[in-house]
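After this come two complexes, each holding chain A, first together with chain B and then together with chain C.
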Partner chain A sequence: MPLSVDERWDLIEKISKQTVEFGAYKHTLKDAIAELTVKPLTGIPVAIAVLYGFWSFFIDFAGTLFTDGFMVRLFDEHWLPWLQSVFPGGLGNPFYALMVDAGHWENGVLVASDNCFEAFGVLTSGFFVPFGVVLWAVLAFYLVFAILEDIGYLPRLAVLVDTVLHKIGLHGYAIVPTFLALGCNIPGVTATRPLETRKQRFMMITLLSVFVPCGAQIGIMQDLVPELMGWIFLTLAIGYLGFGFILNKIVPGRSPEIIMDVPPYRMPTLRNIGRKLWIRTSRFLLVAVPFVLLGCLIVGLMYLTGAMDWLATVLGPFLMGLFGVPGETVSPLIAGFLRKDLAVGVLGGLMERGIMTTFQVFTSVVLLCIYFPCLATFALMLKEESWKEFIGSIASLVVMVLVYGGLIHLVGIMLGVA
Partner chain B sequence: MKILLMGHPNVGKSVFFNRLTGAKVFESNYPGTTVDFMRGWMRLEGEDVELIDVPGAFSLEPKDKAEEVAVKMLEENRDSVVVCVLDASKVERGLYLALEIIERGYPVIVALNMWDVAEDKNIRIDVEKLERILGVPVVPTTAISGEGFKELVSKIKEAAPVKIEKIIENAGGGESAAVSG
Partner chain C sequence: MNEVEEKFGQIYFAVLGAIALVFGVAELIASAGEGFTWGILDSSGAADPMFLPWRAIILISVGFFYLSSVRNFAEIHQLAKAVMASIMIWIVAGMAIWSRIAGSIPGEETWFNSLEGFLASYAPPYCPEMFLLPFSLVIVYYIMKEKEARMTGQK
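Entry: the complex of A and B
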């Protein structure tokens, strides 16, 4: 016989009266720290310090120490020249172009590339992007993230940003999927499941897949355009909040309050941190590397067959007119369907050739973030959302890209930089 | 026989799962780490038993997608023993879910997890009395350090369905044992 809700609570009351005894509660150091990190006056400075520390570690450890200090030299000064000297075919040979170096035309002469962004072969850029840059970014991100997760800091951050996120119909808990998505959008999308209404999930999934760049992408952006990172994040954050506000107004349904537990702080264990780091990094390698290599091959083939130039000519006026970026941007956009990190890498190759202004680079990087979720995320959205919601997500995505991309161009024109 | 791990979000079900199966499920200190169920195998008195890590749920009336998965798992596995993981510092809340599962006729064993946190907060629980009232095994555990697991595993076989009327009878009028909170 099932009890009613009230009968059940009555019974619990009776049971606990006889078995549970609450002694005097001592205020411990742990409680003091816990309070400092949720009260706005002290909590906001702490949050800024934590995020700043996170970002500094990410840049110093992944960017400066591993990528610039070691990997760039290894790939550009040893790996690329060595392949160029031993790989059969040589410059101009199609197979050589696909695998090692497509080269580029300078005053009517085909010139060999001198770095792995430009070369764009499967064996050069295809390995440089995941192993030279992204792996270290992913490792650094997940190391700090796992520590924050296990300490129990994320729910506190959720409490702090709750007021801001309420303005766009989301709950502070949204910070958890958002943060996860900064590592990889896939766990970010699955982490929306504890959200209560379909509306909240739909909004969260849509906003995540459009405005939150993944760790792989951030890592390679940081390597390519470190001086623009602040502007890029600002633009994405404004888009996230702005379009969240609009979605909240037009999507039917409710956004009720979610009551979330703030767990006690805990000491992270080395075992658990190590295990999570290992699982997440190996998952990244398994998913990312084949896609990056495949993407490299596809983009290479499209260049060789002239399909890319054709697309650049056809779509050029549209890209130039709406977003103010040159037709060549087509190639990173195509690579971006498969992998965002690869797409930024392709963009890097274009930059090396000096055909883009700083503002065009900025616009392209932002466009790459928002125009399409990578293939893996796309497939997951299909699984997590109903058909109606999925079409809604894609429609919102198209509108957001056109409107926001155009808006960025417009602001650029007004500021006189576009 | 199957074993389901159920309980509120963030009570340590995934830590239980990893300890019992040696598997690699994500453990984090925030609610909602597990949003889909996970299966694994554990040894129980010489035989292999399937263990399922169910996403956290506050009650069996689902309010979100993760809770829907939890209820579905329970309904699809009628032949299971349920290890109900409670936060020992919030026993009342956890008991609600435990009672719901007992009412549905599942054999239940209660793990009072985060026993260390409860001790820190100066909360004392009369485990034997709780066991007598509920009529199911109750074991204090601290999953992170592994305390109480041996006892928990040895008592899984003792779990048997209990009639809710029996629990009401055992709870009686509810004479107060101590200062209540």
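Entry: the complex of A and C
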């Protein structure tokens, strides 16, 4: 015969009396530190310090040490010149343009590229983007993420941001998928599974796929536009919270509380960190590399067949009118559907040629972040959401891009920079 | 921790907190303009100006954490504030050191830096957090003392 609720509680009390030893518990130093990190007054400065450390490590490890220190030299001074000298065909040959270097026109003369961002061949940009830039960014991100996770700081950060995220119908736990998505959107979307209601999952997946750039994209952005990173993140954070608030108001459903385990602080083990790092980075590379190579090939083919110029001419007035960006932005937007990092790389090529103003670069980078999830995330959204929710996500995404992109342009006009 | 140790801790961390606060305010003012370099003290944010205001906010918080820990210093929650302040200094100073290490390994024209270039990367000026770093390590003594007291059952 099943027990009633009251009988169950009675039983629990009896068992706990026999098994649990009660007494005064004295706080340890670890407990006291744990308390400090969840109270807003002390926890927020600590969170700022942790995020400062996170970001500084990321920039110096991925940018200063590996990409700028070794990879740019390896690819631009050795790999690219070597390929340019040995690959058959030479400048102007379609196959050579696809695989090594499409070159660019200067005063009516086709000139060879001097860096892998501009070359845009499968063997040049196709290798430089994932191995020269992205790998180190992802490695740095997942290393710090694993340390914070294993120390036990992430659940505390979740408690800390709980109040803010409640305003947009989510709760503190949402910080975990958001953080994960900063490495790669795919584990971020997967991490929404513990969310209890369809509404919360729908909101979280939509916000992640629109406003959270992945580690690969951040790595390339940091390499190309380091001076704009603060503004880009601020714009994305405002979008995340603003559109989250609106979605919470219009999407039907409940946002119930979630009980989260906050473990004590622990010393992370090298073995665990190493294993997590290996699993996450290798999975990431397996997904990323084929898409980057395919993206280079498709964008290269579109340039060669003239499709890109046609699209730029057709969509140019629309892009210029609504977002204030030149028609040439259409090529990164197409590349972005395959890989966002590759798209920022294409944008880098345009920047090198001085086609855009600083504000246009800023708008284009933000648009690239928000305009569409990459193909892998898109496929996962299809799997994780019902058809109705998926169409809802895409519709929200289109509205967000048009409204937010237009708003950014409007702010630029009002400030006199657009 | 005995009375002398507690008294010493109170005075020491009050002074350290006040210095951290002064440095933090100076960095905040510096972040509004071009920053400054004064002898071996660098608050110019030359490497990345975006970081300077955040560093200032952290340093001001460190100052407040230390100062608020002084009263009843031996109590575990008060001591935790001083420990947290020290950890925050370790994070910022640790990243400043890491930044120098990362910049010192690759060379300008060659794959690896020369010995002179490598050593020159560690030359002054230094950011305020790096000056505070050795002084913040005193907290390790108090952590050990607290652990010792717990082990011997005095707490």
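Everything below uses one rule, namely that the second predicted complex is superposed on the first by the 410 of 418 C-alpha atoms of A that agree within 3 Å, B and C clash if a C-alpha of one lies under 4 Å from a C-alpha of the other, contacts with A are read in each partner's own complex, and residues count from 1 in each chain.
Methods note: a contact is a pair of C-beta atoms (placed from the backbone, for glycine too) under 8 Å apart; a residue touches a chain by one contact, two chains touch by 3 or more.
Every value quoted in this text rests on a predicted model; they were computed, and no experiment measured them.
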Which of chain B and chain C A:Trp310 touches, first, second, both or neither: neither
Chain B versus chain C as contact partner of A:Val176, first or second or both or neither: first
Which partner reaches more residues of chain A (counting touched residues only), chain B or chain C: B
First, second, both or neither for A:Phe22, with chain B first and chain C second: first
Contacts of A:Trp9 with chain B and chain C, given as first, second, both or neither: first
Which superposed partner A:Lys276 touches (first chain B, second chain C, both, neither): first
Touching partner for A:Phe95 - first (chain B), second (chain C), both, neither: neither
Partner chain(s) touched by A:Ala32 [first = chain B, second = chain C, both, neither]: second
Chain B/chain C common contact set on chain A: 26, 28
Touching residues on chain B, where the partner in the complex is chain A: 8-10, 24, 26-32, 35-36, 55, 63-66, 69, 91-92, 95-96, 99-100, 103-104, 117, 120-127, 129-130, 133-134, 144, 164-165, 167-168, 171-181
Parts of chain C lying in touch with chain A, wherever the complex brings them together: 48, 50-51, 54-55, 57-58, 61, 65, 76-77, 79-81, 83-84, 87-88, 91-92, 94-95, 98-99, 102-103, 105-106, 111, 143, 146-147, 150, 155
Residue numbers on chain A that touch chain B, as the complex places them: 1-3, 8-9, 11-26, 28, 30, 146, 149-152, 154-155, 173, 176, 190-191, 193-196, 201, 260-261, 263-266, 269, 272, 275-276, 279
Residues of chain A defined as touching chain C within the complex: 26-29, 31-33, 35-37, 42, 45-46, 48-50, 52-53, 55-57, 59-61, 64-65, 68-70, 73, 226-227, 229-230
